[in-house]
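By letter and in written order, the chains are A, B and C; residue numbering begins at 1 in each of them.
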Amino acid sequence: MFTMGIDIGSTSSKAAIMEDGSKIVASCVIPFGTGTSGPQRVIEDVLQAADMNRDNIDYIVATGYGRRSIPGADEQISEITCHARGVHFLLPSTRTIIDIGGQDVKVIRVDENGAVMNFVMNEKCAAGTGRFLEVMARVLECKVDELSMLSNQAKQAVPISSTCTVFAESEVISQLAAGNSREDVVAGIHDSVARRVASLGKRVGLVPDVVMTGGVAQNEGVVKAMRQELKTEIKTSPLPQLTGAIGAALLAYQKVQKAKQAND
Amino acid sequence: MTDTTQVKAAKDVVKDLQAEYYAEANRAHEEGKLVAWVTSIAPREFLEAMDIVTIYPENHAAAIAAKKGSMEMLDIAESMGYSIDICSYARVNLGYVEAGDSAAGKVPYPDLLFCCNNICDTVTKWYEILSRRLNVPLIMIDLPFSHFDQPQEHTIDYIVGQFENAIKQLEEITGKPFNYEKFQHCLELSNQASTLWKESFEMGKNKPCPFNGLDYFNYMAQIVCSRGNEKAVYFFQLLKDEIAAKVAAGEGYIQDEQYRILWDGIPFWYNLRVMAKSLKDRKAVQVASTYTENWALTYDTTDLRSMAKAYMGNFTNREFEFRFNNMCRIIREYSCDGVILHSNRSCKNQDFAMYELARQVTKATGVPVAIVDGDQDDPRAFSEAQYETRIQALFEMIDQRREAK
Amino acid sequence: MSKVEEILSELGYVAHHPARMVEQWKKETGGKAVGIMPIHCAEEVVHAAGMLPVGMWGGQTSISLAPEYLQSFCCSIMKAVMEFTMSGAYKNLDAIICPETCDTLRVIPLMMRKAIPQTPIIGVVLPDNRKIDAGIKYTAAEYRSIVKQLEQITGNPVKDEDLQNSVEIYNEHHAAMMEFFKVAVDHCDIITPYNRHMVIKSSYFMPKEKHTVLVKALIDELIKLQPSQFKGHKVVVTGIMSEPDELLEMFGKYGYAIVADDLAQGSRQFRTPAPADDDPYIRLGKRLANFEGCSCVYDPEKLRGKLLKQLVDETQADGVVVLMMKFCDPEEYDYPFIKQDLEEAGIPHLYLEIEQQMESSEQVQTRLQAFAELLEERKN
């Protein structure tokens, strides 16, 4: 049996096809989110990668910010539950998930079965999110994926105290104007994100293993800053952008199984 | 009141009563009756006794938001220099003072103000401003926050002293001696209404829940505005009978209800629809709220000290253990499956205890909680997509918990 | 180093080392120390119990622990207080007194009890109806209740004459502070905004009788000097406080002198003496009854604008700077009438939003510079 999970975020679309809830057959990430052609394309691309068509898929679960606008999805489930399930599949020892998405930060506590025990999310504000890093990258005239490399070369992080994206932007500009190196400023930005996210994490309590997911988890600079801030080991999910989609595909499988049991 | 209202549902009756209430207030004002602007859990019995028309800026601000008119008022207040960080009820009302009209219609301007800070300190600041802006006297009833399970005697002495002082002020303002006889009657009617109010919402303990708890945000208007006169007694008797009949018939708001929810805080008045829909779509019922419980105010009508104690006893005027035990009790008594807590930008008094409360309650009861960010009257502080995600996650947690059992 | 510089340097040291001052006090006296949260709890009750009252007005720290309890829209002072509570910075305090100053301070003591259950957190709720007889009696009773709780901590009873004595010591201290503010106006070159704040802040971390001696010595030295010919901008500041230090340095940088303040941390603490009475508790009640002009004390007449105008007239100030503590409800409510009153009186004012952990000094600098330019133009 094949199931598909689609995770439509604010800045990217992700999809995964799984077989019998145990094997990833194909996956795909497109850097366009909800309201763009991204959702449509990611479905086409993942089907193509698996050499399948829609009829081969038994059940589709959509998740993410754009989860309610996916035609053809059989069901939609929140990204909180999906991330929890996805991470549990990839790293079963996970008890705390830190997911930094384009406009949301979530910290999710899960039990040994990958069920959500509690979660917290950021207030209505971009501080600490992927969007925050994008704005900062623009000020620094670099690409978001170059930030990690830059902070690696930092000698001493420049403290960035503003948590508000707009103020942080002007603070970064004045730090650069004051002659601080881009590398040191980037390291400061990463520390600022880490502080912000860590404080959210402390609200639910961080129980190891702590795992980071979401696009920002690919930024080693942020992960390093998080380790320092939380004084705990932090793992990163092997497929950080895909955990939501994988979780959705797993939940899709579970739904079909349940429906079968009910019919038997 | 005609007989036809008897067959109407309480939901519709309360609408009629509110419309009648505002019309009567406007008429009375034109006829030269004194009007007071009053905070929501103030001992209005003193005013009722002196035949003073009472208007509730908090209710009016809520109604304005429900009619999608709050942004207009907020803009006016903010252009006067009122910060976006202060309570949106206050901003809407201060905007209304300038505008003189609103999406929810007009209310008469006050001849006096009657402020009771048992709910928060924000109202004290707000009413100070009204007093100066409108140049009308302010009667302040200061009900001190309690750090103890039981209020201290010297605190009660102070409150009774203020009651006596308020009586003097009322005599001066009205030019009439205080009507102790009518006051006594008001106290009795107030207790009757509060008792009926409590008995009605306590039927929410039944399964299925006989009512939609969200409707209580509308019924509330009557317990706030008319507690202490015959109208409130009439209405809550009607409401109680209506609900009791449903319980007897085994009738529920949602017959095959799947989830029972406790709501903590003031709703988002500008988007009650999304609150209602997010529950109804999942066959979930709001069975209780910490908010509506505030008006279950009963006391010994022969003792002002007892009245003082009752009025200082609402949860935002109490220490943490009370808030915690109260929430756990409601969860238990009403068999709640989940709790939604509103982290409301306007209500710092509730907000800053909320994270700890949520942690402790979920630890003690095992019931999942979701904190949703928003504001009571300012739609800019609310994101529907964010709200929906959190609510969905709450229900998924409830499901998981059931599956695990 | 001149005598003036010596005193200022000593006070500056005290202001920056509260923890060390508490340690020193404990070592020297074997006594206990009690933290006092803003704004209007009378320190005299702690003093009378033989303990060191320690002001708890936040401080400079990065905020990482406090969000476990507090949303982002909590004021920066209380965020810092919660951060210090959780980081162990207050471990040397034997109790903490929290007056119910605003909605935020209703809840902070409840959260402190959770965060540091080993430290007694004493709540005090001062009256709004502070002028009526029942209100004065209630204030007295609240303080009596605090004293009872403090007696349990020290094990020693507090006699009425102890409190009478403390009230006298505080009256003397407050009078000295007010005198200092007056004298300082003629010495704006020495008593910079920063130094002025050091004199105020140090009073929160040392015994008042000692502070009085230093302040009186400072006054004596100042009046020996020639009045300075100050060419900059004389302003009155109003608000909760004038921190961080960086902000005060910017005041200096753009040529400002603070010639009077209406700050909760500043002269609001000092300007109203406790009147005479046989009952020292009633003295404290009457002082609160006589006090005016704070956003956190009931005032239906909203006298603050009038009071500011009076301060400007007395000191011949060029304008007012409203130091608006972000997310401080009471101050934010007061602002529009202050604005109106100052405008009607033709007094220029600057609205400056501040946080104890400053997010953006760039913005503050621009505003201070622009206001200085505006004041300069008015002179011409």
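Heads up, the rule we're going with is that contacts are C-beta pairs under 8 Å (C-beta built on N, C-alpha and C of every residue); 3 or more make two chains touch, one makes a residue touch a chain.
Please read all numbers here as calculations on a predicted model, not as lab measurements.
Enquirer: Is the C-beta contact count larger for A-B or for B-C?
Expert: Looking at A-B and B-C side by side, B-C shows more C-beta contacts.
Enquirer: Hey, which chain is the most central one here, using CA centres?
Expert: If one averages C-alpha positions chain by chain, the most central is B.
Enquirer: Counting in whole Å, what is the centre-to-centre distance of chain A and chain C, each centre being its mean C-alpha position?
Expert: Result: the chain centres lie 46 Å from each other.
Enquirer: Go ahead and note the Å separation of the Cα centroids belonging to chain A and chain B.
Expert: For chain A versus chain B, the centre distance works out to 40 Å.
Enquirer: Roughly how far is chain B from chain C, centre to centre by C-alpha average, rounded to an integer in Å?
Expert: 36
Enquirer: Hunt down the residues of chain C that sit against at least two other chains at once, touch-wise.
Expert: Those would be 68, 71.
Enquirer: Which positions in chain A touch two or more other chains at once?
Expert: 123, 203
Enquirer: Check each residue of chain B and list the ones that touch at least two other chains.
Expert: Answer for chain B, listing residues that touch two or more other chains: 343, 355.
Enquirer: Can you check the complex and tell me which residues of chain B touch chain A?
Expert: By the definition above, chain B touches chain A via 343, 355, 359, 362, 368-369, 371, 373, 381-383, 385-386, 389-390, 392-393, 396-397, 400-401, 403-404.
Enquirer: Residues of chain C touching chain A in their complex?
Expert: 62-68, 71-72, 357-360, 362-363
Enquirer: Touching residues of chain C toward chain B in the complex: what are they?
Expert: Touching chain B: residues 68-71, 73-74, 100, 102-104, 106-111, 113-114, 123, 125, 127-129, 132-135, 137-138, 141-142, 144-145, 295, 298-302, 324, 326-327, 329-330, 332-337, 339 of chain C.
Enquirer: Over in the complex, which chain A residues touch chain C? Could you list them?
Expert: 123, 125, 127, 159, 161-164, 167, 170-171, 174, 195, 198-200, 202-203, 229
Enquirer: Which chain B residues qualify as touching chain C in the complex?
Expert: Listed in rising order, the residues are 80-83, 85-87, 90, 117, 120-122, 124-129, 131-132, 138, 140, 142, 144-147, 152, 154-155, 157-158, 160-162, 164-165, 316, 319-320, 343, 345, 347-349, 351-356.
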